[in-house]
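Working notes, structure below.
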Amino acid sequence: MVDGIQVTGVNAWFGSVHVLKGIDLAMAPKAVTAIIGPSGCGKSTFIRCLNRMHEVVPEARVSGTVLVEGEDVYAAGVDPVQVRRRIGMVFQRPNPFPTMSVFDNVAAGLRLAGMRRRADLQEAVERALRQAALWDEVKDGLDKSGTSLSGGQQQRLCIARALAVDPAVLLMDEPCSALDPIATARIEELILELRGALTIVIVTHNMQQAARVSEATAFFLMGELVEFGVTRELFTNPRDKRTEDYITGRFG
Amino acid sequence: MASTAIRTGGTAGRLSLPPLVEARAARSNLGDRIFRTVLRLAAGAVLLLVLALAGEMARTAWPAMQKFGARFLVTSTWDPVAEQFGALPFVYGTLLSSLLAMLIAVPLGIGAAVFLAELAPQWIRPPIAFLVELVAAVPSVVYGLWGIFVLAPLMRTWIQPFLGSTLGFLPLFQGPPYGVGMLTAGIILAIMVVPFITAVSREVLLAVPNSQREAALALGATRWETTRLAVLRYGRSGLIGAGLLGLGRALGETMAVTMVIGNRPEVAISLFAPGYTMASVIANEFTEATSDLYLSALIEVGLLLFLVTVAVNGLARLLVWSVGGAVKVVRE
Amino acid sequence: MTARTRRVVNRVMGGLTALAAGLVILPLLLIFGFLLFQGASAVNVDFFTHLPKPVGEDGGGMANAIIGSLILVGLAACLGLPIGILGGVYLAESRDRRMPWLVRFLADVLNGVPSIVIGIFAYALVVLPMRRFSALAGAVALAVIMLPIVVRTSEELVRLVPSSLREAALALGIPEWKVILRVVLPTARAGIITGVMVAVARVAGETAPLLFTAFGNRFWHQGLDQPIAALPLQIFAYAIAPYDDWHRQAWAGALVLIGMVFIVSLAARVATRGRFSGVR
C-alpha cells in the first residue's frame, strides 16, 4: 500500500516512561480506522505521533517510521510544520480561537498557507463549512465569535478549520467525549459522509461508536498494539483474549 | 441484640467517646470563635491602614488644597519663599518620564516575555527567568548610583551629542547635553520597570490554555505563528494590563529618577532638559519644608501621586485578571 | 508566503525576542560589574566596623548604616509579619462574604502605592506626634510596605495546602482552628518563610520612605525614638555629595546592599524550587 498510513516500529516516551512499545500498523487510505483501548493505553499518544504533535511536549521522544502517502514524516530534514499542514487534527475539547470570528477560524489555516484573496478565502471557507455540515447553521453569522456557538457546533467548526486546508489525513482524538448524544450523532454522521474522501483515524473510548463509524479497528493495551482488524470481525470474533475481555467489559 | 451489646459492651480496649454535645464541643466552638475574631482583626487592620493612609494624607494636604484649589494642577510656579505652589512641572515631569519609559519598556518587556514563555528552548528558560527576577530585585538607589556615574556621563559624552546632531531639528533633541535630564530619567525608569513587565506578561502568556496552542500547531503553524495567532491575541487584554502595571510602577519610582533628572521645576520641551517629578520633589524638599503650607503643598503632591497610581493599578489588575483567572501579581 | 519565508520569519522573531530578553538582563550585568569594579576595593574590614568620618576626612565606614538597616528591617518585620500572616490566613480560610474581597482589593491597592507616599503616611502617623524623626517611624513605613506582600504570599501558600489534609484532620474530630494552627500552617510554613524573605529583601533596599522618617544618622543608633542610619540612605547621601572618597564608599555600600538582596532572593528561590513549577 503506497497510500494510507504505514506505521513501523514506533516507540514513544514521556521522559523515561515508555508509553508506546513497538507499534506496527497499516491504515487503509480514505477509510476510517478506529483506535480503542482503556485509559492510559497510549491511543492518544499514538495519533499524536502521526502528525508530530507528541514531540511538542517537553521531554517527549519518538522513534520509528511513519509513512504518510509514501513519505516518512520522521525522516531527517522533514519540517514538522509541513507535516502538520498535511495532516489535520481535531481535539477532545473543541478549541476554536475565541478572538476570531467563525469565518476567520476556518480561514486561519488557509491564511497561514498564504491564501490572501478574499474571493478565494470565501470559497474555501464555504466549502469547508459545507463539508463539516455546519454551513446552513452559520452562513448568516460568519462574523460572530467562534465561541458563540454551541459545543457540538464548535467541534464541527474545528473540523471545518482542519478540513479547509485540504489535508490527506484527519486525526480525531475522542472528538465527541465533551459533547451531548445529539451532537455526537451529528459528528458520527459527518464522519460517515467524509469516509471515502480522506483517511480518518479516530481515537474513541466508546466501542459502539467505533463499531458504527469505522472500517478497521486497532485495540491498544498498555502501550502495545494487541489486535488490528476489520471492525466487524474484531467485535464479533476477536482473536486475542485480551481484546475479548475488553470488549465484553471485563476491564476498562 | 448485637448492636446494644456493642454499645454497652465492656470497656476493654475501647476509647470512651465523650457525649456528642457538650463541654468539648463548647470549648472548641469558643476556640473557633476566638481564632476567627483574631483573624478578622488582622484583616481589619489592613483595611484600617489603607483608609488611614488616604485619610491622613487628605487631612494634612487640606490647607494647600484649600488655598490653591484646582490651580494647583496647572500653575508652574513653585516658590517656597513667596509661598506660591503650582504642581504642573512635577505632573508634566512624571508623565513625560513615565511615557518615555513605557515606549522603551513595553516592547522590550513583552518581547522578552514571549521569548521566555513561548519561543526559547526549554533549558534556557529557568536561568533567564531567574536573572530577570534579580534585575527586578536591584534597589532603586543602586540604579540611581549607576545612573549618576555611568549613564549620565555616557549620555553627556556620546548619546546626547549624537542625537543632537542627527535629530537636532526636532525641538525634542535641542539644548545643551547635561547628561542628567528627562531622557536619562526615562531610560533609567525603563530599565527598572522592564523586568516587572516581563514577569507579569510571562504569567499572562503562561495562563493562555495549551489547547489554543495545539489548535494552531495542528494547523501547521510555526512556533512564532502559533504565538501570534493563538497566544498573543488571547492574552491581549492581560498584556495591556501588564503594561499598565509597569506604568503604575514608573509613576511612583523615586530614588533613581531623583538622582538623574536634574531636579529643576520647569516645563521644557527638550528631552535633554532637566526636569522634576512628583516623587522627586517630595524626596528632595520634604525635610527642607520650612512652613506648614510648604509641607501641605508637598503632601498634596503626594496625594495626587497616590490617586493616579491607584487608578492606573486598579485598571491594570482588572485587565490582567481577565485572562485565565487570578494571575499572581505581587510586588517583586 | 512560502514555507521558506515562514521558516525565516520564525527564526527572525525568535532572534528578536531573544535580543529583547538579553537587553532586559544586560543592565544587571553592567551594574553588578560596575559595582564590583569600582566598589570592591573599598569593601574592607573598616567598611564594616567603622563609623563615617567627619565631612572632608577620608576613611571611615558604614557600620552604623548596616546595623541601622538590620534594626529597621527587624523592627518592621516584628510589626508587619504578624498582621500580614494572620491577614493572609484570614483571606484563605474565611467564610465571610464581602470582607475578604474588600481586604484583598485594598491589599492590592496598598501594593501599588509608591513607597514615598507610604513614607508621608508614616511621617504623619509617627513623626508628627513624636515631633522627631525616629527608627520607629522608619520601621512603621517599612512594615506598611511589607504588609501586602506578606498577606498575598501567605494567602497563596495556605490555599496550596491540599484540602485532603484538612479534611483528614477534621474527620478526626479536631476543631477547625486547631486544624489551621497545627496542620495547615506548619505545612505552609516553609513557603511562608520564603515569602517573608522575599518581602524582607525588598524593603531592605528601600530608600524613599526613610528619607523623612528614619532620616539617617552619622552615629551609632541611640534609641528607637531617635533618627537612625540605614544603608540605602547612606548610599544616597554619599552619591550626591561632592567628595570622591564618599563616592567610593557609596559604591561599596551599594555592592554590599545588592549582595545581601541577591543572596536572600537566591535562597528564597532555591527553597521554593519544585514547589511551584512555573516553567512550561
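So that you can tell them apart, the chains are marked A, B and C in the order they are listed, and the count of residues begins at 1 in each.
Everything below uses one rule, namely that contacts are C-beta pairs under 8 Å (C-beta built on N, C-alpha and C of every residue); 3 or more make two chains touch, one makes a residue touch a chain.
Please read all numbers here as calculations on a predicted model, not as lab measurements.
Taken as a graph of touching chains, this assembly is complete, with every chain in contact with every other.
Simply put, of A-C and B-C, more C-beta pairs touch at B-C. Chain A and chain B have CA centres that are 46 Å apart.
Put simply, the C-alpha centre of chain A and that of chain C have 52 angstrom between them. Centre-to-centre, using mean CA coordinates, chain B is 14 Å away from chain C. The multi-chain contact residues of chain C, meaning those touching 2 or more other chains, are 6-7, 280.
Listed for chain B are residues 122, 222, 225, each touching two or more other chains.
Listed for chain A are residues 58, 81-82, 112, each touching two or more other chains. Of all residues in chain A, those touching chain C in their complex are 58, 79, 81-82, 112, 114. Across the complex, chain B is touched by residues 51, 53, 56, 58, 81-86, 88-89, 91, 93, 95-100, 108-109, 112-113, 158, 161-162, 165 of chain A.
Contacts from chain B toward chain C in the complex involve residues 28-29, 31-32, 34-36, 38-43, 45-47, 49-50, 52-53, 56-57, 59-60, 107-109, 111-112, 114-117, 119-120, 122, 125-126, 128-135, 137-146, 148-150, 191, 194-195, 198, 203, 206, 222-225, 227, 245, 248, 251-255, 259, 279, 282-283, 286-287, 299, 302, 305-306, 309-310, 312-314, 317, 328-332. Per the touch definition, chain C reaches chain B in the complex via residues 6-7, 9-10, 13-14, 16-21, 23-25, 27-28, 30-31, 34-35, 38, 82-83, 86-87, 89-91, 93-94, 96, 99-100, 102-103, 106-118, 120-121, 123-125, 144, 147-149, 151-153, 156, 175-178, 180-181, 198, 201-202, 204-208, 211-212, 215, 232, 235-236, 239-240, 247, 250-251, 254, 257-258, 261-262, 265, 269, 278-280. Those residues of chain B lying in contact with chain A across their complex are 122, 209, 211-212, 214-222, 225, 229-230, 233-234, 236.
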